[in-house]
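Presented sequentially are two complexes of subunit A, the first with subunit B as partner and the second with subunit C.
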Partner chain A sequence: MTSRTETAPSSSGGDPDPGVTASGPGSSSRLLSAGALESVRRNLGLVVVLLVLYGIGAFSRPDIFLHLDRFWSNELTVLTLASSIGVVAIGMTFVIVSGGIDLSVGALLALASVWSTTVATQSYGTTVMITTALLVGTAAGVVNGLLIAYGRLAPFIATLAMMVAARGLAQKISGKSTQVVQGGGIPDIATTKIVGVPLLVLLFLAVAGAGWFLLNRMTFGRRAAAIGGNLEAARLAGISIRRTQVLLYALSGLCCGIAAVMVTAQSNAGSSDHGNLYELQAIAAVIIGGTVLSGGRGTIVGTVLGVLVLTSITNLFIVNNLPIEYQLIAQGVIIVAAVLIQQVPSDALRRRPRRPGTVPVLSQENS
Partner chain B sequence: MKTSRPLGNIVSRRAVLLGGGAVAATTALSACTSNTKPEAVDATTSASTAPAKAGKPVRIAFSGPVADHGFVAAVNSFAKQQASTYPDVTFTVLEAAADAPAQIAAVQTAIADKPDALIIFPQDGDQLTAVGKQAVAAGIPVVNLDRAFNDQSAYRLFLAGDNYKVGFNAGTYIGQKLKGKSDAVIGEITGIQTLQLTQERSKGFADALAANGLAVTRQVNADFTVQSGQTAMANLLAAASRLDAVFNHDDDQNIGSEAAAAQAGRTEFFIVGTACSNIMLKHIKEGDARIEADITFTPAISGTAVTMARLLAQGQLPADFAGLPVPSYMLIDSELVTKDNVDQYMKFGWD
Partner chain C sequence: MTGPLLRLSGIVKQFPGVRALDGVDLEVQAGEVHCLLGQNGAGKSTLIKVLAGVHRPDAGVLTWAGAPTTFAGPAAATRAGIATIYQELDLVDDLTVAENVFLGHEQRRGGYVLRGQMRRETHAILERLGHSDIPVGRAVGRLTPAGRQIVSMARALSHRARLLVMDEPSAVLAQDEVDNLFRVVRGLTDQGIAVIYISHRLDEIREIGDRVTVLKDGRTTARDLPARSTSTAELVRHMTGRTIEYIFPDRSGRSGRTPGAAVLTIDRLSRAGEFQDVSLTVHAGEIVGIAGLVGSGRSELLESIFGARKPSSGSVCVDGRPLPGGRVSSAVRAGVGLAPEERKSQALLMQQQIYRNVTLASFSRFATGGATRAASERAAAQAVCTELHLSTSDVDRPVRTLSGGNQQKVVLGRWLLRTPARRGTTSGTRVLLLDEPTRGVDVGARAELYRLIRSLADDGLAVLMVSSEVPEVLGLADRVLVMREGRLLHEAAAEDIDEAQVLDLVMAGSEQTEGTR
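And now, the complex of A and B:
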């Protein structure tokens, strides 16, 4: 139907910048590779941040960071703790790339975890519990999407309403008490390891891989970026904005459902308190990852690195036995530093306008 | 909405299908929200204190916040339970207040009704102080439960659990088990650290450890939720290759902490929990988890509040109290629960 406008991305290599292709059929492959380069550069910046964190670790706790076995086991802990927020952040990347925002992710995670661990749901067994979590997350995401696409609500408002309502519904269903999972099925997910790597980490990587493919190699991802890059141009290019929006928020909801299963497995319980402040953490991870908050451009690899940076900070502080107050201050500083480090090397590239060809000179003047 | 767009039909049909699917799925799922548990809930009534001498009939009103946590819900139900054991008490539970202003309004209405005693479990102690004073001024004895008013003239009796003793008893238990072990690695998973109750628990814990020549090795922050308990324990285990004991400030948190320890396959340490939830008492009884001891911080203090309110309303003196009146300030001791005495505490458990 509309795919003819979006065949361009397959010609690019690396981690292309979707925003450039997004602006429509006219974009040239030369600019595409520049975008891809910038993404690689940004991600390298994040790798540097991670290496700095490891360097601090190696200095302060050499017994962990310079001892291969313990370092590996500590990193697996970090990756495992990053897995659920990481899956949520992948869904969030799509929403933000499309120019939207999803504030309801934490609440949807809580709702899905509670719904899938009620006495009634548990009586049907593990498969039904997992299905329930995925369905609840997706269904709530669809509601978000419908409100935004057809109700013409701003994404901020629609998902803010969902955030409050879903948390309330989760409290209502659970009666505000913690619903412990009886029996093995779900908790086994958190203890299973495949070739020494926790299943949760593999799940996270699988979701990230699927997300990368969907964003960079499928028309759906190109459409999302097109909508975020220039809504009007995307509409004129024949992209069905509404359908894409509904699917985007459904995807974010699905990610919350997956994350709900992961958190339930990790904590052995469903609770209306799960996913507390996940919306902020996920948005922070996505932004640290180099995705533009106004939409049109973003990378999955960056988001994965962003999540790892955030989780590594917490881990580094606990490993060094530092009080929470310093941790909070440092978190703020490191978030800013991570974004700054990505920007420093080539300011001119960063200021490159999102719609190449229209105002190419501006970037020179501003930098 | 415009309908003349060329793709409008296709779009809306798909959207309707999608939306319809979502509605259908939600309907199917709603069958899954039942949370009725098979076992009976009220096994506690029989455990109440010895039958009281019947006095003059009195009316006691109870005002509490909306139960946003299992603990608060349990406070409400323990109060009702205790009141039901007194034939001479007419017990009224005011509509639960969503916020402090709503609770103020509810209490003011109750004051106008002139009950013989009033129990206030404030949403926020500071904000409810004024209305406590109003009640006292109207000649109604006020029992202030759990969250303190900021002015003593606003209550006849303040009654709460002892947070310092929570930490102190946990520290004493751990201290005695690890005494003389100079390299002992002791972890503490706190609740929200900005709360006074968390600070009191931490202080009590540190004091008791110090008395045994020990100290907290690693303190990790959590926020009373299951998930935060999981994260805190996972990081704690990564930071310390060996642990001897962990004091966890909350039993809900400990559900997550136990799970994290199981996932890491670590068994070399034991845990002391806080507040005696049913699930942790069960673990202690069966010895099938790392939790070895728990400290009471029981919602059943609301039952004591009813008992005291009744005495105040009837103008009676407490029995076995050397002829002195109901105190004006009471902290209910927080007790150590281990496998040896867990049976007698099962009745105070909560979900």
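And now, the complex of A and C:
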């Protein structure tokens, strides 16, 4: 039997409170909370990485990166490249914040693109095609969610199964052939520009904006973060875990449906090969962005920056005509580096020896 | 007889803020079963850890087999021949019996593990324990609790232990399994092995023990009492009476007051294997305390009232309206709040801000159309934190930076928060369920929590609390219920029952026959 007075010392050892009461009155006047400051700092780190990548570009291809016109058009290429993977990564951010993972996103994208471009679907016109893609993605996401929430499968296993099965279903429907889109409605999405900015990029930004609002300003985002932060605590606070989980994976599926329309528009065709390795790219972008894989905390701005970092690397290799192998190696290095850099500060805080009577680092940071 | 195998004299272990051991004397002879008795917080766990080499004492002498010794670490204690079997058995479920027995000291030649030899030796050890029936190749996860206990003992023997420390080995066992355990223990002592046996059940101590040493507040209050002939009254007397001051809010003048209306009514609530036929009522303004050991079903009872577990039969009513079993959200809507036993793993989002933890159960009530309103959440959290005298006024600090007492206040604040009124929800919390409210809270902060809980009741809340610290239940509650093995045994007004009586009931067995005191 563990006893109370014996366990007490460990928690009373570094009681931080005396120092904070002193700093309390002043702290109410500051503009940003500690958490907000930390995420700003992390995002600034990613901006620095992007600047470094720009520097490398300016050094290796000054003809592109130092001319405003060419640079702008190159950046639009990067953003367009980033748009479909970015939309998928926004949905993935929610899933990871809730402590889950969705490995099926690439396969769902392929399934949605194939389903929405069959001869039968195409006969109904553009609107039905888009609706089909969104519905197929969402429905498959709901299946993921039901398996996880009610079937009690680990998210990794449920979505791994879905990844294999959805890709197979996509191949079955398309007969492994490319389904060219007839008519102009869908391809127009890829070519339309609004005030010089491609519609695809605007779509990505719109999804990111909606995602930011949903995660940071809506009860749904709070539930996701609570579940990821401490499932048992969320349950004992009366939060409906299962419904939230189903909605989370449905949201990820919906993002896949949106991305499927975007990819179909770009390639002018539906194919069971679309979205290959998107799950890894999306997870990488979320992790680089600073969302914790164990859940509880996440940032949409970070995910957007993470996607930009990944695609900027790809772009650098393309404009320098370097082989794709190196690009993959560089992406791997970036993933590790990003996580390592983000670990340093929080670990340094944790390892600080806790002497009785000293004020922990965090409260000093506050004041 | 030669000198004792183990002798502790004046052992002191100081932790920041608390002196866990404050002069422990203990003497164990080879071949005896020496029982260690003491209430929660008496220092038993710390003492075990000193013996196991986990803690090094700050003062005092540990004499092992005639020579003063300090253990550099757990490995040194194991090498010397002290094996500890903790309450939470540290076995790996997916490994086989033989692999568990030799875990960490596998027999090998070069890098090659001698599986056959390990199996044979495991079988030999099990035979020595009288349990050659346990298949050495079976995964430990598939054994019964009793079987796992035997495997733990086999592991100790594989280290050639001369002293076996067993922390409440019978807590998870059925009666016939306990009998078998005793047979095994006697077999060991016949082979000259010494056993330190820790248990709360006096009848067990009488049956298996040779001598008893009693700890209280980190001190030895009685040593080497004969286990069979010492009366319960004497043992309990050595265990009770505190020197550490528990400061409880004044209850005088309360006894005349009539309690308010019945708020929480539980009728014949049962959950298979956990508790049976529990009926109780808590009135507005009243604190009801349940005393009972870990494993008596008390936490399970609270969680079932709250809907976190689904009861197999019986009903829970709040203000006369029945709650559907097994739905936390309904309980919360009806105005029930729970501060669970394991604060960190069951109640708090350690990384998130204070206000988010305070509003965890209610943020959707602040929201309009799904959009959260952080400003009003912060303001409400701020108000409740001020009311609870939380040490910081900054509700944006992460909860992990708070001390245990303040973290508990955050959990309490969650249920005391004033939320915007919504249709179908009660205006506020009516019933507060507290499971071990002062666990991990240091002595100084406890008094404040006690005051707080009392003032909440004075404001009309119905409070049902559970604690394994008897003085806490007696000092804080208006009415005391004693729970053992899933049943409520006894009910009394707090002023009509004393610590010794509660301990008697809680520790089971022989007391009914002993009767008057």
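By definition in this document, the second predicted complex is superposed on the first by the 307 of 367 C-alpha atoms of A that agree within 3 Å, B and C clash if a C-alpha of one lies under 4 Å from a C-alpha of the other, contacts with A are read in each partner's own complex, and residues count from 1 in each chain.
To be clear about the criterion, a contact is a pair of C-beta atoms (placed from the backbone, for glycine too) under 8 Å apart; a residue touches a chain by one contact, two chains touch by 3 or more.
On a predicted model such as this, the values are computed, not experimentally measured, just so you know.
Of the two partner chains placed around the shared chain by superposition, neither subunit B nor subunit C is touched by A:279. Look at A:187: by the touch rule set out above, it reaches subunit B but stays clear of subunit C. In the superposed pair of complexes, A:135 makes contact with subunit B only, with no contact to subunit C.
In the superposed model, A:118 lies in contact with subunit B only, and not with subunit C.
In the superposition on chain A, A:269 contacts subunit B only, with no contact to subunit C.
Touch criterion not met for A:102: it reaches neither subunit B nor subunit C. Of the two partner chains placed around the shared chain by superposition, subunit C is the only one that A:229 touches, whereas subunit B remains out of contact. When the two complexes are overlaid on their common chain A, residue A:173 makes contact with subunit B while staying clear of subunit C. The residues of subunit A shared by its contacts with subunit B and with subunit C are 1, 238, 240. Of all residues in subunit A, only 1, 61, 64, 70, 73-74, 77-78, 80-81, 115-116, 118-121, 124, 128, 132, 135-136, 138-139, 142-143, 146, 149-150, 171, 173-180, 187, 190-191, 198, 238, 240, 242-243, 246, 250, 263, 266-269, 271, 273-276, 314-315, 318-321, 323-324, 327 touch subunit B in the complex they form. Considering their complex, residues 1-13, 15-18, 20-21, 23-25, 27-28, 33-35, 217-222, 225-226, 229-230, 232-240, 296-297, 356, 360, 362-363, 366 of subunit A touch subunit C.
On subunit C, the positions that touch subunit A within their shared complex are 15-18, 20, 39-46, 87, 167-168, 171, 198, 200, 217-218, 244, 293-294, 306, 308, 328-329, 331-333, 338, 340, 345-353, 356, 360-361, 363-364, 367, 370-372, 391-394, 396-398, 401-404, 406, 414, 438-443, 445, 468-469. By the touch criterion given at the top, residues 1, 7, 10-11, 14-15, 18-19, 21-22, 25-26, 29, 31-38, 67-70, 72-73, 193, 217-221, 223-232, 234-239, 241, 252, 255-256, 258-260, 262-264, 279, 351 of subunit B touch subunit A in their complex.
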